[in-house]
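So that you can tell them apart, the chains are marked A, B, C, D and E in the order they are listed, and the count of residues begins at 1 in each.
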Amino acid sequence: MLHKSFQNSAGAALLPAHGIGASATKPAISIAGLRVAFGDVPVLHGVDLAVNKGEALGIVGESGCGKSVTWRAVLGLLPKSAEIGGEARIGDLDLVGARQSVLDRVRGGRIAMIFQDPASALNPVHRIGAQITEALRLHRGLSGAAARAQACCLLDQVGIAAAASRLNAYPHELSGGQNQRVMIAIALAGRPELLIADEPTTALDATVQAQILLLLKDIQRDTGMALVMISHDLAAVAAVCDRACVMYAGQIVETAPKHTLLTAPEHPYTRDLIGAIPPSHGPRMRLTAIAGAPPQRNLPPGCAYAPRCRHAIAVCRTSRPEPRQVAARHSVRCLRLDAGTYQ
Amino acid sequence: ATGRRPNLNIAVQDLRTILEPVDGSSIANVSWRVQYSIFDQLLRTDYNDNFRLNFALATSLKQIDATIHEIRLRDNVKFHDGSTMTADDVVFSLGPDRLRGENAPGAAVFANFLSSLADVQKINDRTVRLITRTEDPVFAQRLGAWGTQIISARARAGASSYDAWATKPIGTGPYKIGEVRNGDEITLVAHDEYWGGQPPFASIRFKRLPEIAARIAGLKSGDYDIVTDITPDHIAEIEGVNGLSIVGGEAMWFRFLTFAPLRTPILKDVDLRRALALAIDRGALADGLWDGRAKALTSWQLPIFGEINDPNRKGVSYDPAQVKELLAKSSYRGEEIPYPSVGTYYPMQLAENQALVEMWKAAGINVKLIMCENWTQVGDIGGINDTSGGAFYADPVSMLWQIIGPTNDLQSTGGWTNAEFNARGHELETTTDLAKRQAAFKRMQDIVEIEDPCITPLHSMPFIYGQQADVSWQPNPLPQMYLGPKMPPEPVA
Amino acid sequence: MKTATVETNRPSPRTVDLPTLLAVGWVLLMLFTALAAPLMAPYEITSIDLRHRLTPPVGFGGTMLHALGTDDLGRDVASRLFYSIRTSLLVAFGATAISVLVGTGIGFIAAYFRGLVEHALLLMIDVQASLPFLIVALAMLACFGNSLTLFVALMGLYGWERNARLARGLAITASAQGYASATRQLGAHPLRVYLRHILPNSAATLLVAATVTFPEIVLVESGLSFLGLGVQPPMTSLGVMVAAGREYITRASWMLLAPSLVIVITAVAVSVLGDWLRDKLDPTLK
Amino acid sequence: MTLLRLNNITRRFPLGSPLYGPRKYLVAVDGVSLDVEMGRTTGIVGESGCGKSTTGRIALGLEPPDSGGVLFQGFPLPRIDSKKWRAQRRQMQLVFQDTLAALDRRMTVSALIAEPLAIHGIGDSASREQRVAELLHGVGLGEDHGRLYPHQLSGGQRQRVVLARALAPKPSLLVCDEPVSALDLSVQAQIVNLLMDLQQELGIGLLFISHDLRVVRHVSDRIVVMYLGRVVEQGRADAIIDQPAHPYTQALVSAMPRLPGGFDHYVALPGEPPSPTDRPCGCPFHPRCPLARDVCRQSLPELLPLGPERQVACHVVRH
Amino acid sequence: MSAVFRFAGPKLLRAGLSILIVVTFTFVVLRASGDPALQILGPSARAPDLEAFRRHWGLDQPLYVQYVRYVLAALHCDFGNSMLAGKPALQLVFERAPLTLALMLPALALTMLIGIPVGAYAAMHRDTWVDRSVMMLTVFGFTVPSFVLGLLLILIFSVTLGLFPSGGADRPESFVLPVLTLGLGGAAIIARFTRSAMIEVLSQLYIVAASAKGVTWRQVVRHHAFPNAIIPVLTLFGLMLGGQVAGAVLVESVFGWPGIGQLLVVSVANRDLAVVQVILLLVALTMTSANLLMDLLYGVFDPRLRGTNSGSQ
């Protein structure tokens, strides 16, 4: 089965994230060689990633490339049919294959997660107040009136009006956006070290989105919580995160500080992605989409992006690229960079 | 004193809560069983001693003339409510309001058991005259059979309604009615002022437990002292348990089949009916199905009938050769003969139904068993029917005449009738002349066996009880359970 | 971990496991028995032998003459068992199918129509639920007499109200869910919404209901034969055999045991098959 | 030509069962009027919970309005669930917001996409298969995805399945409820292009509900801004985004994350988003409005023209 | 208050109607399909006695006259007398109903207390051998007829071990075996339904989300999955409440339990109409109240059903 290749901490040094300041900031979580397969179908092909304490990391990428699966795998939330390999460490603890009781303490307490689909992620039969206070009880030991008050605070914090009375509402009585904010409130309830926000604002209107993102940013800054934000909105990622990863077909293809990524992207996919942003000014025109479809189910023998890449050369179709450090804190998984023929 | 006597627990397969013994609905085994310990009659038949008649509430019986009998009542008989029995109670108990009137609650019992009684006259406090309509050869026996239970006239008058009375009547028997839970449980309590001595049990609880397996389990676990309606197949099982025993088996109760030729045209053929009767292997039923506990019954003769009995009469018996002959002679060509049955009314009924059908099939008679839910359906179909009956007293009147007399359902529903049979039956019932009676009885048997068969006997139907071995109790050959004190015989003349 | 070159696009279907195979085997055996009963039965089911009543089965003191022993009339239990399987399979499978179909249909209709139709159907359900089945059976008997076809139909009435209420509840919950309204807004006929979407999504529960209904019908049927409905002597069924055997539970337990075991094992097989079918219908388990 | 016209529609939802306390109502949509032209797109933006989806459902005739009327191609919608209504579904389709719930989890993606074709009896099975492949391709999924079940798809993939399903019968009116919110930029571009191509080809009228102002601006001809169940501003798309008039629209536009700089322009709205069960009297926006005056607290502003093709409901801005 | 009435009104109306239908139907069926006189007096009763019996109970009247009389009397709360016991049917039934209730309620409690945890447990361990064997046992549970189960329990616990009485209803120990017999079969059914409902629920996203919150698996099952899974189980429970009287018949007859189940069977067999009707009335009332209770409980467990536009769209 899976052999854990990065078992010793020496392996962690290989991780691009540790290029600088590795001694100054310890990672809140470091993921190495994470592989996930459903049945016989591999979905993640070795994700290496570290999130430092207090850092805000954005993850963008093709829809279906495994962004959500990565974090579900880390938290042990995938169905039994998933085979998981690699490791995900917080401190000395490897979460992959950890016992249930260990995971229970980590989940919601050290790592909290906000799901993409709020309407289905909230339990329909419990009042939202109960769902929030449950998290408070589990991770902060609050109960009764104190928990309620705190839940009220949290709802306030995420911008839900009339928080006190809304505590008694059921998920179906709230709109999608309101539910999403409830989810955020629940995630914040445990004061996690790391918050994984899986598209936290897709269902929210611009003002609330801004409010929430800024709120997440503020909380992250104030509490020193690390934040992983999965999003499709590069602008939103830029607004919140310090660093961003681009994922494609179950691998991270580029990691860089946000400015570098936005202004000097190296991977062709990142470039194409940025090129697809609809303009906010000027006349309507066709958007530039990437031709072709991402690889399905099984990867091509070479670079996963090669079939769609405008710059692909012969070698791209035959051999797999490895991540390559192109600058401080900037690594790219592209063969043409290795070969130096691209640029 | 009551403290030292044991309490008796009896599990029965069914219970009825109307306890007035002359009520129409009391004509049932399950009623007789319980009521027998609550009431006394004028005379008492000792079924275990050749149906000998003993004095009970009456202490003498004098025939004044052909239709008048005078009885003297026992002194100091106490009713359950403590009052003393007088001639007034007897007059009322046998009077038109309770028993003899056309609309009296006792009309059915009266017709079945005491039909000859025309009047009851009080002579004095202790003496009563009973006047019959005609001569009655079995009048004394009737007094000891059923229907002469004496109740307290005063208590009856004091009851708010007949219905209220019927569930808690006051009699003179060894036990009085205690707690009654409808259709479930009846508790009788010792009547310590009983004239016949101290009742042996402080109380008797009859508990309804329709599942035979549950009754047996209850007996095994010691929850019951006696359980009723055991079928032969369970005898070995009970006898195999230490401390349990089986009693009963000797029976004066019988199973019959009736034919309704007037309702079912195929049966018009006398030869077919005779063939039906002759095709039955009664021995196989009695020995196989009933494990030898039942006795095959081939005729209407019973030794207890005494002088009227004709030991030389053959009756019907299993005779395949003759069946073949009769069938050949008959007009029967394999038509289906309906045999409706409710299947669960008599013990082993369904098994017996099926066994009979197979026996007929073997003889080349095509009988179809039809399961029915109720008697109306059975009656609607006609054909061959199951029935039962017993010798309440030692005379053919109680048997042949009582079972298919003109008022009984076979005749009253138009299934069969025979004028001569009825005339002879009437003679049997109303003449005291032995020779005439013997002739009449013989003729009647000829009719139902050969000339115009309408009924055929099968076998005795034993009442089998399981009981704890330490319970001393002797069952009757009839369904009545007597649980009172042993009384010295006071035979009637 | 296997290499990424494995060319399976479909999730591999669950392989049929041993219990399911056994269940299929048993049901086939029952079907075979039902068809071949006359060939398999060593005796006629009515042939009575009063001198060899209640002989125990082979291995418990009996002989190969009557491998499963004889009953209270000395009839061969094995032969009767084969014929019983034949009748009971017909009656119980037929009636279970009717009961579940009728119940589900009515339940769905009640869930779909609101207002008067729903109230009328609920009224029917209430009436049936408060009426003991005994009375319904009596009514049937009084009105239509007795025939096997009618009897299967009557037995199909057994438990329909439970299935109807279950189905209605399931349908109401399901139609409150997105996929039902999504299909509805595509312009699908309600029949399609109910049959293609709500039914498969409710199938798990309905299948369980069916597996529960099945043995109930086998047993209720025996109660009705005493009313003169359905299976009547000399015909026999598993229920009739159980009912006859209950008096002999300690005396001749084989009379009860043989048919009971067949009922229980068949019910187990049916429920294993039901589970298998349900899993098949649920892609999320693949 | 006007394809769809909503006339002053209102929708209230009762809250709770009578068994569980007194009845309260939530006004989800309050007097909304809007048009969708053939071959054009009307965008709806607004606070979450302001009634956008409800408006969309009413527009499609999936829910009856409590008052007001819906005209499709000039005719009122047939009675819900009637035969005519069902037939009309072919022309009116919805792309659901909640994709996990909207897909029957027991059907494969292909079957789901083929279903509207089967329902309306379009084509034979071979041509349906082909159309499914076409649609899958059109929304950027491969044929392999056709064999999967909804739960095996990522959020974005599911969203595209829902879209493909809605497009299958070639409707003339498409209500897209957040059709691209879960898509990455590239796929989003693909979908937006697809929608716009289809619109040009077939003249589909689109009602496009989204939070992403950038996309809405890009897709729509007209934009309707809703707040608490009411339309507060409507007009040409670029005009609304480039020069928002209503203070709420201004706030919305300012909150749009931009590159580079993120939320540099963001002007936070004071106060809290209101609760739809407890609507303020007067202008619904006044508690949070920086420009609010007395009149705003007392009377409800009507939607009145402000310049060409533009309407605003605000007491202040119009003066 | 009026709102409550609006909610309960149609249900009560329906209940009333269904009672009327049940009463009428039963009346016709019982009267048309058998003669009480014959049933009660027995097959060998004489014709005049049958006549007298019929006259006494008004059975000689045309059916519709009997029906109108019955309904009119019933409207005045006179439900007639039992022909078999000679007592008012109401009194007869009320003497026994508490005993059936005393059997049913603990049995139902047992059904739930065993069925739900067992079903949930099996669901949590689905497809393991635990699950399989538990489910196998449940099939035994509802397939073994209650009279066989009852007899087996008697044989084991009364005859062999002597722990509990074999029948009767007079001591607290008497309750153990009948309650077990009645409860176990129901528990098996409930267990199966709970399992299947639970499996359905466990695959929902909110279960994953709850785990992500750090809720332990046990708590997830208990707090998040259970309340959702209980809703379909409640439907079944409501149905069981009504069906228990009929289901109690066999148990009552095995244990000699003087409840209304047996009374019903005896009364039907004897065509003792008045008693049958009162029992059916009672059953119908139980059903109605069970229905109302279930509606309330649904609301308690499923907030989505509390609005009127729940379910419909």
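Following the convention adopted for this analysis, contacts are C-beta pairs under 8 Å (C-beta built on N, C-alpha and C of every residue); 3 or more make two chains touch, one makes a residue touch a chain.
No experiment lies behind these values; they were computed from the predicted model shown.
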Chain hops separating chain E from chain C, counting only touching neighbours: 1
Touching groups left behind when chain B is ignored (all other chains fixed): one piece
Chain closest to the middle, measuring from C-alpha centroids that were averaged per chain: E
Most widely separated chain from chain B, with each centre as the mean of CA atoms: A
Result of counting contacting C-beta pairs for A-E and A-D, higher pair: A-D
Centre-of-Cα separation between chain E and chain D, whole angstrom: 50
Separation of chain C from chain D, taking each centre as the mean of its C-alpha atoms, in whole Å: 50
Distance between the centres, which are taken as Cα means, of chain C and chain B, whole angstrom: 46
Cα-centroid distance, chain A relative to chain B, in whole angstrom: 92
Set of chain A residues in contact with two or more other chains: 38, 117, 120, 173, 297
In chain C, residues with contacts to at least two other chains: 9, 11, 138, 141, 181, 184, 246, 249-250, 284, 286
Junction residues of chain D, two or more chains touched: 15, 62, 98, 100-101, 144, 151-152
Chain C-touching residues of chain B, taken from the complex the two chains share: 211-213, 216-217, 231, 233-234, 236-237, 284-285, 287-289, 343-344, 350-351, 353-355, 357-358, 361, 369-373, 377
Contact footprint of chain B on chain E as seen in their complex: 33-35, 38-49, 52-53, 81, 84-87, 92, 95-96, 147, 150-151, 154-155, 158-159, 162, 165-168, 253-256, 258, 262-263, 266, 269, 271
Footprint of chain B on chain C - complex, ascending: 46-48, 50-51, 53-54, 72-74, 138, 141, 225-228, 232-234, 246-252
Sites on chain B touched by chain E in the complex: 11, 16-18, 24-25, 27-28, 102-103, 107-108, 111-112, 162-163, 166-167, 181-185, 207-211, 213-214, 217-218, 220-223, 345, 373-379, 385, 387, 389, 403, 407-409, 412-413
Residues of chain A that touch chain E when the two form their complex: 72, 75-77, 100-101, 104-109, 112-113, 115, 117, 120-127, 134-135, 138-139, 170, 172-173, 183, 186, 190
